[in-house]
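Written below as structure tokens is the structure these notes are about.
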């Protein structure tokens, strides 16, 4: 090797000749996602990692080094291995294991009727599917992947999109998490538009206490029924309910703590960074990205509207015992949208505490979206 | 696609046409295991997860979705991947890493003679092997897999059974964990039958304090000797002793905490749920299951008897300085059977504190069973 | 099977016929490493696990049982699987994720000039490379693997050595961790030799406070620039900076805690034990091991000298505002060498608090070594 | 079948299926809840002071919740139930049932970590 | 060799091997223990009050153990040693050595978590 | 090219490249730091008592740091800054900025766990 060879090798090994405008733009988007997470507090656990992944993967040559597959005895890139958790659909159910262990379903058990509000909000999914396909001309798999944004549930969205149309994943995931963070801006106008002042002021009766036995039976019963109808949702609902079972037995505290902390936190880092590393300019800097963001916004709006409208119907039927606002919590985005309901309710009556009542549809929305995902997968996969 | 196609696809995607009586029975068994764990407090960390796995895998179509291998580019089911930890025999040694970090061997170090009681209790393994093969007609590998139930140690049982006869695993594991939980019912009658009132009332001398240096040397010394005699036991004893070393050095607290908490808890969830998912009707609803449960009961009884009889002999030789009851703790089932010894001892003399003395044979039983497993594997594999 | 067959099988299954003098010597080395970790407190988290791995893998037959690859349907050994984390270069970046989450870069941000001291200390790497190749006659890949010891950074060393010359890994890693632990003995004489009493007594001005925004921008900015120049360092610097970003955002505490605890602790156990298991007599009991240890010592000395000499130059240029001792902290070995600087400084002036000023070059040395690793990989791989 | 027809049909059918599933779930829970209230738990203890501030929980947030609850009860506005949710990151939350001086029934959403 | 012969033989031999191994382990430990007591640790400090209730441990359980120990010592029944094990799930336990007011030597099994 | 030439060349060039990279990093940070001080953070609050001993931290170590700081300030030796690092294992450490009775500015390296 001559001296010049070494110098040339050193020069060529730098990344300067590999920077393009697309990459710079994507790095800006990565920085923007981090900014949204850090400065605005928008879903920081996810957006900071996604943004970091976007930023690093668009640095020159980083994509080959981080994501290159193993070849001829040489090991693959670090995130080629870590990313298998996304590609093999292992991470989203593991996140749900932790979510289940963190979720208290008692408001829903105490008032099962609110379950229906969690179903109504799935109009966000199916309405968006219709518009994505019939109006925007996406194909059925693309439409399903975009529609699931309306589920307002990260793991469900990622799981479904990976099965239907993996190349849309980064766009769909970023859109889903962004709108989940924007729930306090998106929902209130729709809620106010669709309800009267009197409806918003309805005070609801206190919830009955729920026994431990009921809390233990709940995950098993729901799991059995959901899987019976939509077997495709098994991994998602199964892990959600395993986590919840570990939480509620009262004798598996160690395991519940593991699901709530070490498992979900580690997986979140790896999942979100992997998703961020799929954000390349070829995938993201496209017209369809704008369409997907528009449709995602629509999905959240339709979901809110669906929930509130069924809430109004329930208010009517019960003679004003149900505050229609709680329907908006059916979109899930737990517990953010329940908080939004609470705050909008207190604008009319500061002594009205809707939070607990909104938690019912809120957690029901998680189950409803998983069922909807099962339906999408059954027909479109 | 016609409308009817969509409807048919939706109908066929449900699980209703896939339910059979075997599956319903197995789901009942899953629910029973959860009930035993939650309501009776029987080994809840294991039985809740095993029961959940049994329940979910017998829901219609769940088996294909959760356990299906990867095929033609499509990823496999979630528990096809997680289950590799069982199939590749990775999880049981990792559990032992945590068990080692949780185990204090000082009662055994202070009184090494009690080590022999942990050997005598291995009669539960070899006696059961004889009966399983000679009387019940199981083949050698099956007999070994069933005999290891007498080791009263989850990870050892699972590791050995996976190497000898994987298809027996779910039955053997459930049997082992059930009887471990039933130790307070199984052991006392045998203990009372084999000992006199006077023997049970023997008060033992206080244990000497053990220095940190001895505690650090212990795992390394035992490891070297056990591996020298039974190399097959290396992964089990190795991880047990690595965990114990991390615990006792006094300078690796961080790693010991990781082994005791995040590692063992996460692995327990994945291991136990994976084992539960092997509980299908073809495997479990068989005559041999009843035989295995009978033999498991026998194994625990023989182990108890072996320990107590050697205890009587040691009592005789030492002129009454050893309480024979502590032999019963040699079965392991740490620390349950040591507690049983303590309670039975206090029936005769309420001021007799046998617990610490019983912890010696108790932890010795763990090492003894691992050695016995090494012997089984050396000859039968 | 005849009775004699069983007996023979049992006898042959023991390890007695497989012990050689090399193995016994290696087990002694393993015990020595554990002793250094436990009794002397030398990098205990690493050396205890490495020593344990060395000890167990040299027990008779343990190597085949623990490290054997999968064959004909039979699963491989436990550490064949766990060791993939080392072979596929997954573990070192994960350790860096935790290190990043534990590292506070604010002393460096407050005084960026100290960054240069972290570069000067890389003379330990390149000077050693020259001597290893020109004087000791190692080939370029070997020389690079040995030189990186001078980086005084475990993960960087392991990552680089695995890419350049995997068979040197155990020797290089043990050498690196040993000298990191010996920093309080190696550095002070060199520091005293190269500085005057007056220089050592220099009191430095207080550091300015650093805002959260700067702390968040720092990892992103450094990452982008380092990757631009040395893309090969991406996995190391990337994970270091991801961990640091999670630490500094203020909104991702959960993830930062996961990186600092569960992830780094679990990976440390698996990484260090796997490295220890590479310590076989064929690899370690060689003349080159002694050469590598000599060169490792040299590397640390050159690194210290490089840092201190640039420190002297900066002292001169600033008219005595920089204490040259802080250059010694540029070797990294965080935060040990910064403490050494502090203590040597207090020998001259007990009221001189150099620690914070030394933390700047200290953390800069981590980045500098990662960049140096990138340069080595770019040319030598 | 055209894209428009397919998407309309599937949107309707999908929504119908999800509604059916959730209706079944609701029905199942109403039945279970009824059984529990009627047969299994005839005399659930009520009115006892179950609330104990956890030593692990964030004291000020807890405190704020209790004070807010006390004020609300004092005002007579909330008929036995008051709810709070700290403005924390979403994810780890739990419902704690808290009874304040036996005057009412309070539900508190607390951070679990 | 018939099944009965094989199983008998293997059962005997296996038991014998396990006993041999454990005998070797016992012997090794007796030797080490003897060496430690005789040469390495001639004057181990004794009698000092080493017990300090850990702030991380479950206070009531700890308390119960100490009280039970005190009663037992008072009764004069236990000659210097008292042992307790909380009725917790198996698995995480540790031996804590505790000396109560220097009157005796107590061993306590505590939950580690 | 001989081994000696190659190794000399590469050692020089490698060192030069690393220095260049770090120089760029230093420059970048000086620019950012200047921007922050000049434009973005014109009036950073100073002088307020920001120090609060964390309940999670090791109390005695903390205590020692504070006392040592107080003594040093009293002596007038350290002009506003005092630093401490507990003699703990390497790895988990953090810089805590602590202002003691508003008399000076203290930096403390604490164990994070």
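The letters A, B, C, D, E and F name the chains in turn, as written, and every chain counts its residues from 1.
Heads up, the rule we're going with is that a residue touches a chain if its C-beta (ideal position, glycine included) is under 8 Å from a C-beta of that chain, and two chains touch if they have at least 3 such contacts.
As the structure is a prediction and not an experimental result, all values here were calculated from the model.
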Winner on C-beta contact pairs when A-F is weighed against C-F = C-F
Tell me which of C-E, C-F or A-F has the interface of B-E again, with more than half the contact pairs shared?
-> C-F
Per Cα centroids, the chain farthest from subunit C | D
Cα centre of subunit B to Cα centre of subunit C, whole Å, reads 39
Could you give the separation in Å between the centres of subunit A and subunit D, each centre being the mean of its C-alpha atoms?
-> 21
Computed distance of Cα centres, subunit F from subunit B, in Å = 51
Specify, in ascending order, the residues of subunit D that touch 2 or more different other chains.
-> 6, 10, 17, 89, 91-92, 113
Mind pulling the subunit B residues that touch 2 or more other chains?
-> 6, 10, 41, 44-45, 229-230, 251, 254, 261-262, 375, 379
Subunit A-facing residues of subunit B, complex = 6, 9-10, 13-16, 19, 27, 31, 34, 37-38, 41, 44-45, 48-49, 52, 55-56, 59-62, 65-66, 70, 75-78, 81-82, 261-262, 265-266, 268-269, 273
Residue ranges of subunit A touching subunit B (in the complex, touch as defined) = 87-90, 93, 97, 216, 220, 223-224, 227-232, 234-235, 238-239, 242, 245-246, 249-252, 254-255, 257-259, 262-263, 374-375, 378-379
Subunit A-facing residues of subunit F, complex = 1, 5-6, 9-10, 13, 17
Subunit B contacts subunit E in the complex at 41, 43-45, 99, 102, 104, 106-109, 112-113, 115-116, 118-120, 122-123, 125-127, 129-130, 132-134, 137, 140, 143, 203, 205-209, 211, 213-214, 217-218, 221-222, 225-226, 229-230, 260-261, 333-336, 338-339, 342, 351, 353-356, 359, 364, 367-368, 371-372, 375-376, 379
Show which residues of subunit D lie in contact with subunit A when the two form their complex.
-> 3-4, 6-8, 10-12, 14-15, 17-26, 28-30, 32-33, 36-37, 40-41, 44, 46, 72, 75, 77-85, 87, 89-95, 97, 105, 107, 109, 112-113
